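After this come two complexes, each holding chain A, first together with chain B and then together with chain C.
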Partner chain A sequence: MNNFIQTIINGLLTSGVYLIVTIGLTLVLGIMRIVNFAHGEFVMIGAYITYWCFTLLKMNPYLSLIFNIIILFIIGIIIYKIGISKILDAPSLDQVLLTFGFSILFQNLALIFWTANAYGISMKTEIIKIGNIQVGRDRVIVFTIGFLITIILSLILSKTKFGKTLNAISQNRNAAYLVGINVPYYYMLSFGIASALAGLAGGLVGIVMYTSPYIGVKLGLRAFAILVLAGLGNINMAIIASIILGLLESFISVYVPQGPGWAEGLSFFLILIILTIKPSGIKGLRSE
Partner chain B sequence: MNKKLLLIILWIIIFSAFSILPIVYNNPYIIHLLTGIMIYISLTLSFAILARTGQVSIGQAAFFGIGSYIAAIICKYIGFYPFIEFVLAGIVSGLFALILGFITLRLKGIYFSIATLSFAQTLLVFANMERKILGGATGVAVKPLFNNNISINYYFSILLTIIILIINYFIFKSKIGYASIVIRNDERVANSVGINPVKYKILAFIISAFLTGIIGAYYIHYVTFIVPDEIFSTNISVSVLAMAIFGGLFTVEGPFFGALILKIIEEYLRLKIKYGHLIIYGLILILSVLFLPEGIISVFKKMKIKKRS
Partner chain C sequence: MKLKKIIMLIIILSLILPLSLISCKKEEKPEAKEPIKIGAVIPLSGGAFAQAGQEQRYGLLMAEREINEKGGILGRRLELIIEDDQCKSETGIAAATKLITQDKVVALIGGYSSTITFAQMNAIASYEPIVVWMGASSVKVEHEFGPKKWFFHLHPWDYHRQKTVVDFLESINPKPKTIALTYEDGIYGTTSAEYFRKYAQGKFEIVFDEPHKSGSSDFTSLLTKAKAKNPDIFYSVSYAGDYLIQIKQAKEIGFKPKGFVIVAPLFPGYKDSLGKDGDYVVGVNPWAPTLKIEGLSDWLERFHKWFPEKQEIEYWVPLAYANLMCVADAINRAGSLDKNKIIEALEKTDLMTPFGRLTFKPSDEGGLHQAFTDLVMVQWQNLEPVVVFPKNLAGGNYIYPIP
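Take a look at the complex of A and B:
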């Protein structure tokens, strides 16, 4: 029984990380109709920033999240300016190729600078014990940040004028132009925000997981699975989808022989299954 | 007619040059590298058949791997029958493409890319975890072709490339080729002029997977050992993609020269830097999309037109 509850808690805590990785991707897709294959690599850069801030500057990892957000926002704006803004009206083929190109570029830059080794932050983690169940304090903090940020973002999108503007652009770009919305400016801003969210996610990943050039691919593909499961571009459903993925992975890891290995492939398998039976996801936009 | 003849002569010169190279440089490293280049040219040409319909697969490694495993399994459990292995490898890869094609039919562009990527990754995890038949992460040993003679292997890879090149020309000039252009530009237009996009997309997918599977079967006999992480590697899918785009996807010559040039650059970088030599593919993809959407081949074509005028 204890094992069962521990598995559920572990799955839930992991889902917090997956969620924060996914929402930036969801934001860009929902507003700009672009799937950013390089999103996972932004997360990876964030993880490295936190790692280096901790190792070289002895900075509190949670404090370094501020740097993550600022640096990744700037990187996002640059990528938007030199790349994404040029292919907004191009066929989806070009969007895949360009963002995928950035993904490979960043991944290999990380390999060149920091080799293929994985680094972890060696920080003393307090363990919270409730009965026989153990939970790392940092994982709880990361989980909470992940869900809080998502809820705040969801509220901003539905309640504020800024959010409504983005919604208008998402629904009909040309109509938004006609009512005087500066669409390119908001595109740039939302891409920057999405990248900043990836940076934040990366910092959290660096704290509770590890840092390696391949972590971007690993998490990016899980984010795709959540995205597809949730119905593309739907932030509220992404919460449920990330919990489903987190729990499933956790249960497979524990209860299936050689579980951790199989759990690694779950997200890809899920993508295939969902695209086969219900491309629109749990609920949401009909896939184009 | 004249132009066609010129093209044939050009190809004969190119392949003659490739055939003479191992005689001039009788160096195992060079021959090994040239064989690798031929394998990548074949893979890129096979990939291009599918990509011309506007569907970008980021999972070509899946079919390469399926072909490899079919050959390895037949070789291990039934016996050494290279010809049957090659044919079966192609057929099984084609069947997988048929199934995946039906699944992804309703999906456009980006979702097709995600689906193919996931497909390759799913197979990778499966191959790594399945220990009884596929040998898990440690893989399966395979018998070599031609007594492991690297020169004969190289000439065989040239032969394979020539066959796939000819198939490419036929398809390019066939109804599939013309249908691909229309489908890529607008599926509704395709429908209205009597082209069934579904039929041609799946057909292109199957042919592409069939050829890729055969190359996989050949490759595994060349390296004589199967390693799941290597044959299902995203690196294969990525490099094939970059090579085709860089060369110029919408010609037959483009993917050939794209693969040739990029493989040489990659090899150079591999010797120079320890990690991350694949950076070239990322750079090439970005630069190609932004500045050279029709590939390097379009530069030559423009130069030709300028000369004439």
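Take a look at the complex of A and C:
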């Protein structure tokens, strides 16, 4: 029984990491209709910022998240200005190639500046123990931040004027132009916010995992699986989708023979199944 | 008249001959100064292997500089051409083929991944180049290319590593009874697991035996499953980044086996990344900076002078250094660039390197030229690596069970 509960908790905590990585990607796709293949690399940069703040400045990793958000927001705005803004109306293939190009560029820059070594943050492992079940404190914090940020973002999008404006642009860009909304400005802000969220995610990933130039690649894959499962661009359903993926991986790992190997392939399998059977995602909310 | 003609001929010849001699000299000069090219293919970008590839690069560069400082090879400058396989087989094949067919290198060195090596050697086998390979530990490579006259191999094979681990586990007092084994599901992990099972059979009970994907963000489920089996030893065959998470997450879920065993525990960043959480982990390694190898302390001093920015070094650095040094040594002894003479010289190699004494001997499973076979067990104690096995090389006792 203990094993069963521990498996559920492990899955839930993992879903928190997946969710925080996915949320920025979902925002860009939902508002701008662009799949940002460099999103994982923004996460990677965030992880490095936290690592260097901790190592060089002896800064509390959670405090460094503020720097992550600011720096990645600025990087996001720059990338938008020099690249993304030029291909907004271009064919999807151009968008894919551009963001993929940025992804390769950032990976190689990280390799040049920080080598391929994997680095972790050597904080004392704090444990939360309830009965026979125990979990790492930092993973609980990451889970909490992940879900809180997603809920706040969802509320901003549905309740505030800013959010409603973004929704309006998302639904019909031309109509938004006609009613006087400065669409390029809101696009730029959205991309900046999504990048800042990736930076925040990176900092949290750096705390509970490690960082290396390729850390964004595998996390990016999970994010795409959640994106597809949730229905492309659907922020609320991303919460459900990340919990489903986290729990499924956890249960397969523990209860299926040779499970850990199978669990890793689950993301690919989900993408395949959802796109084949129900391309609109679990709630059918994908908009074209 | 005749005399006049002879005088004219002498004058013309005296003008032409020195010119021709000069021109001959001019043609010979660049030929004589033309560098001797050796090609290396290592992973420098594109994936997790790049970490080891960048270590290898330091060793190769140091060897190249020292060889050229001492007058090069056969009086000619050594030109080392390093190609990046980008952790991909197809890029590795293209790089190796380019070095052989376009750059016309005398020998091919380098290597890391067994999978990429297998593909590369298949692709270039028809050229029968001189290959002196530091990477690839899978016996699949040994079975296929070990018997080739042109293939020389430096790194211990899988079975050397697994035999060392089993011998070490047997030496522990009190002897552990149960083992949880997990391995990355590539060619390196699966072959290592096969040999471990083979050697451990009848000696230990393997209560958990599961693969995992390298690069995973979460190992808590795997560790929870292993914890439920309550093993004496947890043995993981994987890569640096995976170990960082596994060690941390084992602590988080309260999984505390009596012994935590990994492969190659001296990777850069281990100490800084794990701190005290990394203490008491033990791992199998073919080298340690504290080993009593003739000339090692001098070599380490020279290395830190060449590369002051590089403080921690993994075993790939001295291995790569030995890789290039042994090829240069063989060419010098061969006295020419003739392929057969170099192969003959390589077979007779007896060279002291910072990795140990380098000679080529037949290996256990069919290889003709195998250099290193010995490994040690290194345990992190108070954030310092201590050799704990074999006893004759040990710098301290193995702390067991983990306090």
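What we mean here is this: the second predicted complex is superposed on the first by the 281 of 288 C-alpha atoms of A that agree within 3 Å, B and C clash if a C-alpha of one lies under 4 Å from a C-alpha of the other, contacts with A are read in each partner's own complex, and residues count from 1 in each chain.
Definition applied: a residue touches a chain if its C-beta (ideal position, glycine included) is under 8 Å from a C-beta of that chain, and two chains touch if they have at least 3 such contacts.
Keep in mind that what you see is a predicted model, and the values were worked out from it rather than measured.
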*Label the relationship between chain B and chain C on chain A in the superposed model as either fit or clash.*
clash
*Given the touch rule stated above, what does A:5 touch, chain B (first), chain C (second), both, or neither?*
neither
*For A:108, is the partner it touches chain B (first), chain C (second), both, or none of the two (neither)?*
both
*When the two structures are overlaid on chain A, which partner does A:175 contact: first (chain B), second (chain C), both, or neither?*
neither
*Kindly classify A:92 by the partners it touches after superposition: chain B alone (first), chain C alone (second), both, or neither?*
first
*asked:* One more residue to check, A:135. First (chain B), second (chain C), both or neither?
replied: second
_I'd like to know which partner A:70 touches here: chain B for first, chain C for second, both or neither._
neither
*Would you check which partner chain A:118 touches, where first means chain B only, second means chain C only, and both and neither mean what they say?*
second
*Return first, second, both or neither, reflecting whether A:264 touches chain B, chain C, both chains, or no partner chain.*
both
*So which chain B segment collides with chain C once the two are superposed: 76-84, 112-120 or 220-228?*
220-228
*Considering each complex separately, which residues of chain A are in contact with chain B in the first and with chain C in the second?*
107-108, 111, 115-116, 213, 217, 258, 261, 264-265
*For the chain A and chain B complex, residues of the former touching the latter*: 35, 82-83, 86-87, 90-98, 100-112, 115-116, 213, 217, 221, 224-225, 228, 258, 261-262, 264-265, 267-269, 271-272, 275-276, 279, 287-288
*Would you mind writing out the residues of chain B in touch with chain A in their complex?*
54, 56, 58, 103-104, 106-111, 113-115, 117-119, 121-122, 124-126, 128-129, 234, 238, 241-242, 245, 273-279, 281-286, 288-290, 293
*Contact residues on chain A for chain C in the complex?*
3, 6-7, 10-11, 13-14, 17-18, 55, 107-108, 111, 115-125, 127, 129, 134-136, 139, 205, 208-210, 212-215, 217-219, 222, 249-251, 253-254, 258-261, 263-265
*Touching chain A in the complex: which residues of chain C?*
44-45, 47-48, 50-51, 53-54, 182, 185, 210-213, 215-222, 224-225, 228, 240-241, 244-245, 248-249, 251-254, 267-269, 272-278
